[in-house]
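Paired with subunit B in one complex and with subunit C in the other, subunit A is shared by the two complexes that follow.
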Partner chain A sequence: MLEMKFKFSNSCAVLAYTLLVILPLWLALDRLIWVAGPNPIDWLSSLERNYIAQGVVQFTFIQALLSTLATLAIGLPIAWQLGRYKWPLQSLTKAILTMPFVMPSIVAAMGFLHIVGRAGLNIRIDESTWFLTLIIAHAWFNMALVIRFCEPVISTLDPRLEEQMRLLPAGSNKIRRFRNLWAPLLAPSIAAAACMTFVFSFTSFALVRWITLGENTLESVMAGIGSSAGIKGYMVSRNEIVLGSSMIQFTILLLSLVLMSWLQQKRQSLLPQVSEDIVKKSNPRGWYVIGPGLIFALSPLIAVFGASFRIRNTDSSGTNYTWETSGWEYAFTSSSSMTSAWDALYNSLGYAALTLIIAVPLGWILAQTILDLEEFNPKMARALDVLTMLPFAISSVMIGLGVMLGMIKIDAEFFYSFWPTPALAHVMITTPFVVRIMLPALRSIDPSYDECGRTLGIPKWKRFIQIQLPMLRGSILVAVIFTLAMSLGEFGASWVVTRNSDWTTLPVMIDSLKSIPYNNSLTAPAACAVSSVLMGITLLLFTWAEKFRPARDGGMF
Partner chain B sequence: MYKFTAIVVLLIFNLATPGCLTESIDDGEPVKPEQYEYTDDGELVIVTYDVYGLTDEMLERFENQSGYEVSLLKLDDSGSVLDHLLQHKGLQVADLAIGLDNTYLQTALDNNVFWEHNALLNNISDSALQPYDGPLAVPFDQGYICLNYDSEVVDGENYSVPTSLWELTSDEWKGKVAIPSPETSSPGRAFMTATTDYFAHDEDNQSEWTDWWSAMSSNEVIITTGWSEAYETRYTGGYGEWTDGHVGDAHIVVSYCHSPGVESWYNGNWTKSAALDISRSSFHQVEYVAAIEGGNLDSASAFIEYLLTPEINSMMPIENSMYSALEGFDLPEENGYRFNSVVPDEPANVSSATIAKNMETWLEMWNNAMVDA
Partner chain C sequence: MLRCSGLSKSFEKELFSNFDLELEPGEIIAITGPSGCGKTTLLRCICGLEKPDSGEIYLNDENIGNTETELRGVGMIFQKPVLFPHLSVQGNLRLGDKTGDIEKALLEVGLADFEQRNVASLSGGEGQRVALARALLAEPKVLLLDEPFSSLDEDLAMKLVKDVRAILKQRECPAILVTHNKRVAEEFADSVISM
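Our next item is the complex of A and B:
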């Protein structure tokens, strides 16, 4: 009976997922095609006929490629040092170095703007530095991927293997050991990290929007013109541009994801593993890598926090700066033109909680479904695997457009008064992450435990609580915290969806504050103050995740 | 296996059904005022963008006077307000739209998204009523879009003050002119509209307005998403140079003819920015407030009336950095506000009907001109 029920829940999860993800996107697509016409050639060529969209494809590719290379260049040495050697306050060090990945991109944007700005390196004035700033910011954001993917492989490999290699001609020196042991061992992990970095850089929005003014990724182009999409007979070319951009994005991202799925399977290590404690030695020279790494990871956050207290005073005698808390007061005071940061905070926390309640169980069951399928229908399992990664392939702005156009079409009045609406977009974005986290965890559970329990006559629900749950505890916590962090920091989709409503979230509020023109000297510090709040919550969540993260051998996040 | 067949069927089902939801927008005749149906729910939802004039104080006063509860739906710019209205045609969520200008208004009118208000109004200036004088939208502020230059850089020695738009295509101005994109910004759109008129009346009858834009594109003109990026981030002559993220590579920018006046007002009678009065290169911009179809017509009309009272509207130059729409209220003279503002001798003359009819074509031509260069 319980067996039946479980299968039913599997189907329900797949159904819910399909409804939540496919329906809004289909509505958006349907409406865009209705306006733009069904010819994909027109969609693609519209990109080159438009001044803003012209050259965007090249820019998107080049920056994503360079960002990936930069991320590897920065991330690999850190991962090596972290994996091979002992560090004082090891878990804290690792936490700081991997924390940027959970930081909201808009916070990263504010941080880097202040690092290169007047009070920092003061290179912002030179336009030629913008592109490099973007690449570095992407590397900052994504280096955690490299560390998370590669470090466990390095830190848990049985050292005896390397010792044995030394005796063989193929491993007689460093270069040979690298070529014959480390390179083949790490290649799938490096490729997986590179693949994910490419995806995130390819669909970058907040960082591009704020750092490289005048340049656009496909994502920021869609965001910029999306508000006029879907209106029959009005600005038809914009619909074509949205369709063309999303088509290119979809193709590229889908390819990356299929590759990713394949690499994930390759990464399942077959080599002998031991505990980290056995592998690691101390290495004082490694500080030359870890030290700058720590500074790099922390500086944007420090910059944001500092800038929230720095108030500009301009009068006829010139400009000077004072240190005050008025930026914070401004942010937390409600006015008719700007909701207070309290409201944004409540909205953000509410949406995060709602996302959590839906996305984590959904993702978990989906992951279990994939595993169940692998046993008797591997092809179907692969198909579902890719389907659950679909929102990765559909950028968040497109998801936002889907939700927006969908709700206008179904019942505008209802959805505008329905507070949970923006959480739908967050569910669409976070569920794939939960699947990614839960899948390897579920896979790592040895079925013999369950079989033992069954032999002992323990009922299924009890086996679930007493065997499965404790073994999954770490992964569930990581999934919970990731979902919360992603929802709190989500920018692209929220920007599109909440623009037409008054449910501002923290990231959208930062953007609005930063966009307010006119010489109000408090808006920039206020934007940093709200960023600091968001940063604080994210840090709290992240530290919590790190604390409860069990000493696991491997895993993606 | 049956389960997966079911999933596939469900997927196809999902993909097929939404098509039914797509319906065509009804472009029929506008509804007559006698047929308006609405309920006065005691609320007023305003869809707008960053219109500074809508201060807390001013809104609170309206709430106290009228008893209506006001909420704001703030979008990015004038264009987003139009997008919002068209997106929600027949399903409007707001009662009142504030901030469409005369380059956008006619499109909204053609799509019947407004209702005739029943506010009692008087003393609106002829100039404000010149682009549109009807019951569907009311002007509440106005101003002229024109080129501004940094007079400390453009001092007659290093750079000479341009006397024609063609001069901006010379080497001297390479990469030194910032213009907000007509695709995404209303000042940008107004300026592009002005250039259509400028080049239809310039001395040589050879060149089209698109030729100038192509030449500007080749001359590395800086096209920005919005006005603030052009004026704050790029322009050297304005207050932007004190803000973080300032780049300052443009000495000429498209802004308002009274922007130098605003600079002067805030800087205690000092500005280095000046407006450039080239015949037909400036554009008379009027911003409108209008009651949205299906909304609360009573609260919308009450607000329109309130916004056009001399008490509130005379504050436009200070609160909103724009001219009042009422007769007899000029910019204040204090701090050189009026002195540093220019009223153009001969602004571009393009009717709202012409703008609405041609705007999409113009934008397409503009894109082609910029891309082909």
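Our next item is the complex of A and C:
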């Protein structure tokens, strides 16, 4: 009987996942093909035929490639210093340096715009600097990946390996030791970090939308034209562009994920590990790397917060700036043309809570289902494992389009009056992450704990509460916090889903405020005020999550 | 008391076939045999963690073959002590009996004042004693011991063998020990069966 109930819950989770995540994407694809026709050659060629998408593929590739190189150039020296040497307030230093990755992309965009803007370096007026700003912003965003992937290898590798190498001709100097010891050991981690950076830069939306005005990535093109897709006989080429862009993105993301998964397995090839305390020595000169790293990590955030109080005043004598709180007041007061930040905050928190309620239990049960299937039916376990990873190969804008074309266009009147609709996109994005967090945690629990509980006569529900739940506490909290942070900061999918509705979230409100013409001096500070709220919540969640992260966690979560 | 008749189990190879066993109240028996001969699997079948391919298991004349593990009233001590790392010694013992006398249970296994200790700080022998105290608190009708002394050094193992036997005899708790060590088997049990 117990076994039957268990199988029933597994089936429910798989069914719910199929209905909530796979079905909307399938319906959206079906609708797009219904309008554009089934020929993939037409979809791809439309990217060069149509002026909207011309040059976008090249731009997307080039900026992603250069962003990856810049991220490695900035992240690797920091990872090396963090891993090899002791630092005062080590965990705080590491937390600050890895925090950019969890920041909403729209906040990062606001930060960099103010650094290069009039109040900062004042280079924004020169359009040729925009591309470089984008590359640096991507490097800021993704340097945490390099740190998270490489630092654990550096900080825990048995020093006897290096000692031995020093006694051999192949390790007689630092360059040789790097070439013969560190480079081969770090290569899989560096390549994995590069892979992920490439993926995130390739699908970048908010940073591209705001920093390189006029230039588009595949992601921003899809976001821009997606709302007019899916209507039979209307702007057919736009459907082709969306399909062509999706196809390229899906292929690139899938290839990157397969490569990344292979590299991750190589990383796990049991390196002789020791405690960090044995490896790390002090290095006062390392501050030349860590110091600028900390400034780099913090400056966009400080710039955003500072800019929320800086008000532009223009009169006959010219333009001057004063420090006031009127930007905050403007943001938190509703007007006929603009939603109040309170409403946006309410929506964002509501969607985050709804996402949490659905995604965490769903992801958890799916992870448990994969684990159960591994024992009885490994092939099916592998199939479900791949299915739960599928949304990783789909960008957030594509997911937003999935919700819009797959669900909303079925019954626009109903879905646009149904407040929880945007949360569906957030569930689609966060559930795979919950599965990835919970699966290794569930795997790490020795089955003998449950067996021991059974021989002690403890019933199933009590074993769940008294044994499994406390052992998974840390991972559950990380999953909860991660889900909340991702949902609150989610921009691409929310922007696509909510643009024709009244449901403004904090990131969408920031975007709307920035879109208001420049003559209103309060909109930019108000956008920064809302960004600061979002930044504050994310920081709080990130600091909280760091407390529960396993000590030798080498992954990005 | 406990009667197994015609028990058979195979995974990739046959582990045991038509195995019969009878255990009287208060009796302690040991089953010996080389590694991989199915000793542990036999215990797992008796407590319900594995299902035998065929055969019957009776406890106090009741067929428990289809009873859930947690309802069988059969306790088990594993080869390595299974102590829950998120709980103190006291917390681990409370899993055996929520209202039981923890102090007395610890005193019985020679670990007085260990209530608040973190389980990570226990030695192998102490861990097995805690696991024994917890299993006894649950008042099992039969206690199964799966090579609990094998990971300890010889002196400590022999001391623990004597202590555990004395406790089980005092409580008149029937028990089955599986081990590959004949000396331990002879010292611990009233009778020894070879597999």
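The rule is short, and it goes like this: the second predicted complex is superposed on the first by the 468 of 557 C-alpha atoms of A that agree within 3 Å, B and C clash if a C-alpha of one lies under 4 Å from a C-alpha of the other, contacts with A are read in each partner's own complex, and residues count from 1 in each chain.
Quick note on the criterion: a residue touches a chain if its C-beta (ideal position, glycine included) is under 8 Å from a C-beta of that chain, and two chains touch if they have at least 3 such contacts.
Predicted, not measured: the structure shown is a model, and the values here were computed from it.
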item	value
Partner chain(s) touched by A:Asn10 [first = subunit B, second = subunit C, both, neither]	first
Contacts of A:Thr455 with subunit B and subunit C, given as first, second, both or neither	second
Partner chain in contact with A:Ile22 - subunit B first, subunit C second, else both or neither	first
Subunit B versus subunit C as contact partner of A:Ile467, first or second or both or neither	second
First (subunit B), second (subunit C), both or neither touched by A:Lys281	neither
Partner chain(s) touched by A:His114 [first = subunit B, second = subunit C, both, neither]	first
Greater residue coverage of subunit A in the superposed arrangement, subunit B or subunit C	B
Which of subunit B and subunit C A:Lys174 touches, first, second, both or neither	neither
Subunit A positions touched by subunit B in one structure and by subunit C in the second	none
Subunit B to subunit A touching residues, read off their complex	1, 3-4, 6-7, 10-11, 14-15, 18-19, 21-22, 24-25, 50, 52, 54-56, 59-60, 70-76, 79-80, 83-84, 86-88, 91-93, 107, 181, 183-184, 217, 222-229, 231-233, 239, 242-249, 266-268, 270, 321, 360, 364, 366-368, 370-371
Complex interface listing, subunit A residues touching subunit C	2, 446, 448-449, 451-460, 466-467, 470-471, 473
Partner subunit A, residues of subunit C touching it in the complex	47-49, 68-71, 73-76, 78, 80, 82, 84-87, 95-96, 134-135, 138, 140, 144
Parts of subunit A lying in touch with subunit B, wherever the complex brings them together	7, 10-11, 14-15, 18-19, 22-23, 26-27, 30-31, 34, 48-52, 54, 113-114, 117-119, 124-125, 127, 213-214, 224-225, 227-228, 230-235, 237, 307, 312, 314-316, 319, 335-337, 377, 380, 408-413, 416, 499-502, 512, 515-519, 524
